[in-house]
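You will see subunit A twice below: alongside subunit B first, and alongside subunit C after that.
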Partner chain A sequence: MTVTTQQPAQGPAPQRSAGSRAGDLLARVFGGGSGTVFALLIVVFAAIFIVNPSFAEPPSLMAFLKQAAPLMILAIGQYFVIVSGEFDLSVGSLVGAQVVIAAALIDGEEGRTVPVILLMLGFGILVGLINGLITTLLKVQSFITTLGMMLVLYGAIRLWTGGAPTGALSEAFRQPGRGGIDLAVVRQLPWALMILIGVVIIAVAVMRSSYGRTLIATGDNERAAGFSGVRVWRVRTLAFVISSVLATLAAILIGGYAGVTAQVGQGMEFTAITAVVLGGVALGGGRGWVVAAMAGALTLEALFVLFNQLSMPSTIRPAVQGVIIIAAVAYAARERARPRHHQEVPSQSQSNEA
Partner chain B sequence: MRTTRALLAAAAAAALMLAACTTDEPSDTAAPDETAAAGEDPGAEGEEPEQETADGEFFVRADFDRQLAQRDVAPEGDPATPWLQAIEPEYVDTAQYAQDGNTLCFSNASVSNPWRVTGWITMQQQVEVLQAAGEIGEFRVSDAADDDNKQISDIQAFIDAGDCNAIIISPSTTATLTPAVEAACASGVPVIVFDRGVNSDCMVTFIHPIGGYAYGADGAEFLVDNLEPGSTVLALRILPGVDVLENRWAAAQEIFADSELEILGDEFTGGDGAEIKNIVTQYLQRGEVDGIWMDAGDGAVAAVEAFEDTGNDYPVMVGEDELSFLRKWQETGMTAVAPVYSNFQWRTPILAATMIWAGEQVPQEWVLPQDELTEDDRDEFLDRNADMPALHYAKFGGEDLPGFPTAWQDR
Partner chain C sequence: MSRAVAVAGTGKADRRRLGATELVWLALVGVTIIGAILVALDGQNLFSIANTRDVLSRSSLLGFVAIGQTLVILCRSLDLSVGYVMALSSLIAATTMNGDPARVPLAIVAVLVVAGAIGLCNGLIVSVLKVNPFIATLGVGLIIKGYLDTQYQGPAGEVPSSFQQFGFSRIGPVPLSTLVMLLVAVAGILFLRKTRTGYHMFAVGGSADVARLSGIRTGRVLVTAHVLCSIAAGLAGLLIAARFGTGSALVYNSGYDLESIAAVVLGGTLLMGGRGGIGGTIAGVLILAVLDTVFNILAVDPFFKDVLRGTIIVAAVAIYARRQIDRKASRIRFGGDGGSGGSAPPGSPPDSAPGDTGDPVPAGQGGAR
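Coming up: the complex of A and B.
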């Protein structure tokens, strides 16, 4: 298995002097490979700070992270599916559906908040299970399965609500996405940020566990994984469930952040996939770092902020975004294709995928 | 290898630079389904066709002047039933359509936003009343779900069936639906068009509120009156290229041009609350925003929340008569106005059909009143709609219908 294929980009550096370590870190971040996303992130943030220094103030940064958290969580979910060699196109629709479901069922009643959130989680798990089982057991390509799920969810919600969302979210429901702990310097430490940190820690832990390694092995070479005793269908189905559950979490945060509108979630699946690819995760599976996928989402959000701060005409934004993404991915790919000059450090092999 | 990378990086940087320098300003959000979503926006109205434009693609000065003047014209009819009032009506004779048949057919563009859902409920309630009175028999409906082609075939199906005694059409788009409406007229059945218009005057009556220029101007004038000269205003728009929304913005630009307000920018939000909140938050990080102008009130609350969450003072706000916004307005006491795109117009076509069957005269262009909601009448409308859901429109005009209030509550 080639699970241990290396990107020389991150992972704990071997003991060296501090100076050469810093130099090494710089080389890694800006040297291509999956470090590219971090380089891009730094460049974009630097550009934002130059254009608008006030963005560097802690309250602004907190507001930014609060807004970016849902996409980052969605990207983490998408990472699990992509690294296992599949796609999940249904997450955008699922986010929209969950917000609409929440608004319709809660209908402004505070007391219903927790039961409805539990119901949403149940619905998320169900959608993930269906996606996963159809893909793995019925052998329908995940691209088709989840595309179908995207349409089914979109249509079912329209049918159910008669076209437009109804009802209202409760104050308690909106807290995770909108509220936070009031603090002196940052104004507000958003719950969304804390939830995000929790998700990242769990995601990293999962990817370091035996399940994570099996998942990458499956994405890298399904048959080899199967021969070595991996129950591929179970591993992949679980990845779909993780993706749907995280999409549900993202829906709770987005609904909380801005309330219910008909357009919630539209197109988010592609933004999430873009984020994951930008994070250096290989489409087709088998390679990539979950934290880089999350950084990809953060970079995209930062890019949107930069576009706004530059007052860039909205017509040209998708084009520029496309150029930057292609350039970044190409930059990273060159490094991969090239013969390695870096010293392989055995201990890196696992930490890189985690 | 290094060179290639440097080139790529340079290309990206250059693209960024170039982009920052360009000036024209359409959308990044016009995905096909979103375009549809805007077509069905509350802003939906029967504007003049684009071909007739003179001063700009979406600005016809004559229409602008006429609509602004119409706001000050006292409508004919009883103010208690605004859905039967008409501004400067020119009546047409309908004796030729007088008949005993009472099958009513309705081709709806869609019910894909809360404004249309609210109006659709009101319309059904009105039909039930008239059905109970025996004035309407069968009420046949097809919903095109924002699909022009579907609506064209829906209308054709009504014509082919041959047993509709009147056809009501709420067109999904102006130019594309024109031939279908003309075909319906040609079949000899009385045709009633409402909300958005078509490029034809073959229908018996065309029912609509004053229009988009008046809507846009109501909000813009309020900002000019309530802000100090030199204040900053951010304009939030759903998406570009939809005439019903462009008219609103064109009128606002016209008003702002004569003022000393500084327009910080006009941003497309796709009507998405999260996007609205992001954009407003970012403008607030850049500097002060004293006023917000919106081309539709969906998501107005998200814009207000952006000020709350960043600890800024409330702006002077332009919303709409959607209850979520009115409630937020009352709760916070901010300075605001709610332009109205009269939702009660959904009752009028039904009543018009029965009038036509009875051979009564109807206005050829039935311009309904369109009065903005101000702080003075806000609380009254909130009281009236106290039990209504957040996405309900205050001026829905169905309080006297027997299904009130439950029909509008259980949606």
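Coming up: the complex of A and C.
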């Protein structure tokens, strides 16, 4: 199952040439469940360029990517959890909590930047561990676990700060989110973009490693995975930890980019999950490509930009967004239903959810 | 989340479901007793008429939503649009009535029709277009939000005082709205137990494929569940209109979508579908209401309230899941059908494979048995 989802339309090919690898990549980008998101991404970008040709210039593209990076990182984190068959609803609150923690502990002092970032990472790992262990060992459905975590983080952070965030971020802390390397063509190569690229490379590598294969197998059929020697609880817990750590990273970028408010991160869990599903990743696990999940996030951000460019009234945006999401996912579902005929029927049909 | 969820065999399910529901009611009794002790230590009485009334009137609003949500979750779907449906319903009710008592019936019909239509959309998107319910209902919710934000800047409409009675009048200590909610709950229980569609909901939630192969029109069942869920949310919207005396778009910020799901799961219904019931859901709603009342009496910091509520929900579901696994595990071992049986609340399959017996913590099951 793992293999069939990863390389659609390819039989076992032990040694592949560079050419067929490229073909593979193409098949992956425009085939399977993730085709829709890349097509949609191209359409949205084309629309933006038509409305505002100057958006195609490198500096504004870079600025856009800088702004989009946090959601993309969140979506990658969410991907790991979703592909393993779970949900993580706590990432939005976690982002908010981390930004508030950073502001309160750094309190404007440069020297504290690195220790506080390390502390935040520790906190992120802790949250992920708690989410994962409660879900896997105590058998609480992850929807409830992470919903509970969302409430706890939301309440605890406000309880701690007395309702409004206190303190200030240091300049060094804000660098990753807003700074970059000054270059000729693009004006500024944002740190956020480089961090994003790093995360994507690592994520792709992880998904190609045995851990990634195991994760997908677990999401597809945890019984089968369990019987073939996978320690399901460990694999899933690690997925939750990855999600929380990436949420922490996203928090650092968002904090740097947008500063500290009480509303940071609110509702981001839904946006991230939407992005992942838009990328053709099956809720319920076992199917999907991490790059497509990231492309889903990019598409959503591009959609927001397009709304801006069209100067659409902000009140009507959710409605348009809702229509586009439903249409895209419905279209992808249609697409996925069709090619099943010339793929292995049994492996696909069992993962077909209503 | 394994896909091999059992067909909750309709014959056996009855007994099992009852056990689960009893457990939740026991939890409610436990929470009430602990709450009463805490309140008593504070020198007050949880069972005083005012406090009982508070518990009951808190439970009615969430109760309506949760009853509908139960039906949808039983079918292994989900409805995240209920908060928006409530807001829209309250606005439709208030603007249609517009202060005129004669227009109350018209308003009620309008709300139910619109809510039903939204449910129909949800159901069709999920069953025909095969969009995952999470995304489908989130998207429909966003569409309604867009409409609400564009159309209504603030509270609108006016509810005549005759209809406001629905929100405030009581019979003895029991608020009228709670009575109506309980009536709806009884109707829902009868629907699930006595009608064909009700039985089919368990089957569809257990396994849509098996249900389809046994001749159930799964799409229709799913659509029915979604329509009923939205109508229940519409009733909640009517209640909001009656209580506020006007329609309010901002209701969707109150988090009723997630809270109703929490109440349903707290009530012992599996998020994976196929098992559970409205009886448990009502207990889940009451647990949340008792908690809120106790927090209120003890004047707990509102933020700390969130922390406590999150912890309690997770803890309750953990205890509950543990019970279920125990029963399940013994069934697998002694029933002799480990492969096919009703073996899959989230994560019951053996995590420890033959290969890793050396593992110091033999996976999740070590703790569970």
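As a working rule, the second predicted complex is superposed on the first by the 306 of 354 C-alpha atoms of A that agree within 3 Å, B and C clash if a C-alpha of one lies under 4 Å from a C-alpha of the other, contacts with A are read in each partner's own complex, and residues count from 1 in each chain.
Here is the rule we use: contacts are C-beta pairs under 8 Å (C-beta built on N, C-alpha and C of every residue); 3 or more make two chains touch, one makes a residue touch a chain.
Source: prediction; values computed, not measured.
Of the two partner chains placed by the overlay, only subunit B lies in contact with A:M312; subunit C stays clear of it. By the document's definition of touching, neither partner reaches A:I197: not subunit B, not subunit C. Look at A:A330: by the touch rule set out above, it reaches both subunit B and subunit C.
Once the two complexes are laid over each other on the shared chain, residue contacts for A:R158 go to subunit B and to subunit C alike. Applying the stated contact rule after C-alpha superposition, one finds that A:V320 touches each of subunit B and subunit C.
By the touch criterion defined above, A:I254 lies against subunit B but remains apart from subunit C after alignment on the C-alpha atoms of chain A. Applying the stated contact rule after C-alpha superposition, one finds that A:L118 touches neither subunit B nor subunit C.
When the two complexes are overlaid on their common chain A, residue A:L183 makes contact with neither subunit B nor subunit C. In the overlay built on the shared chain, the residue A:N52 is in contact with subunit B alone; subunit C does not reach it. Shared contact residues on subunit A (touching subunit B in one structure, subunit C in the other): 158, 163, 313-320, 323, 330, 334. Of all residues in subunit A, only 32, 52, 54-55, 59-60, 63, 67, 70, 107-108, 158, 161-168, 178, 187-188, 254, 257-264, 266-267, 304-305, 307-320, 323-324, 327-328, 330-331, 334, 338 touch subunit B in the complex they form. Note for the complex: subunit C touches subunit A at residues 1-4, 76-77, 125-127, 129-132, 134-136, 138-147, 149-150, 204, 208-209, 218, 222, 258, 261-262, 265, 270-272, 301, 303-311, 313-314, 317-318, 321-322, 324-325, 343-356, 359, 363-364, 367-368. By the touch rule above, subunit A contacts subunit C in their complex via residues 85-86, 89, 134-145, 147-152, 154-156, 158-159, 163, 219, 221-223, 226-234, 270, 273-274, 277, 282-285, 313-323, 325-326, 329-330, 333-334, 337, 350-354. Of all residues in subunit B, only 1, 4-5, 8-9, 11-12, 15-16, 18-20, 22-29, 31, 33-34, 37, 110-114, 116-117, 145, 265, 267-268, 270-279, 281-282, 285-286, 298-299, 301-302, 305, 309-311, 324, 389-391, 411 touch subunit A in the complex they form.
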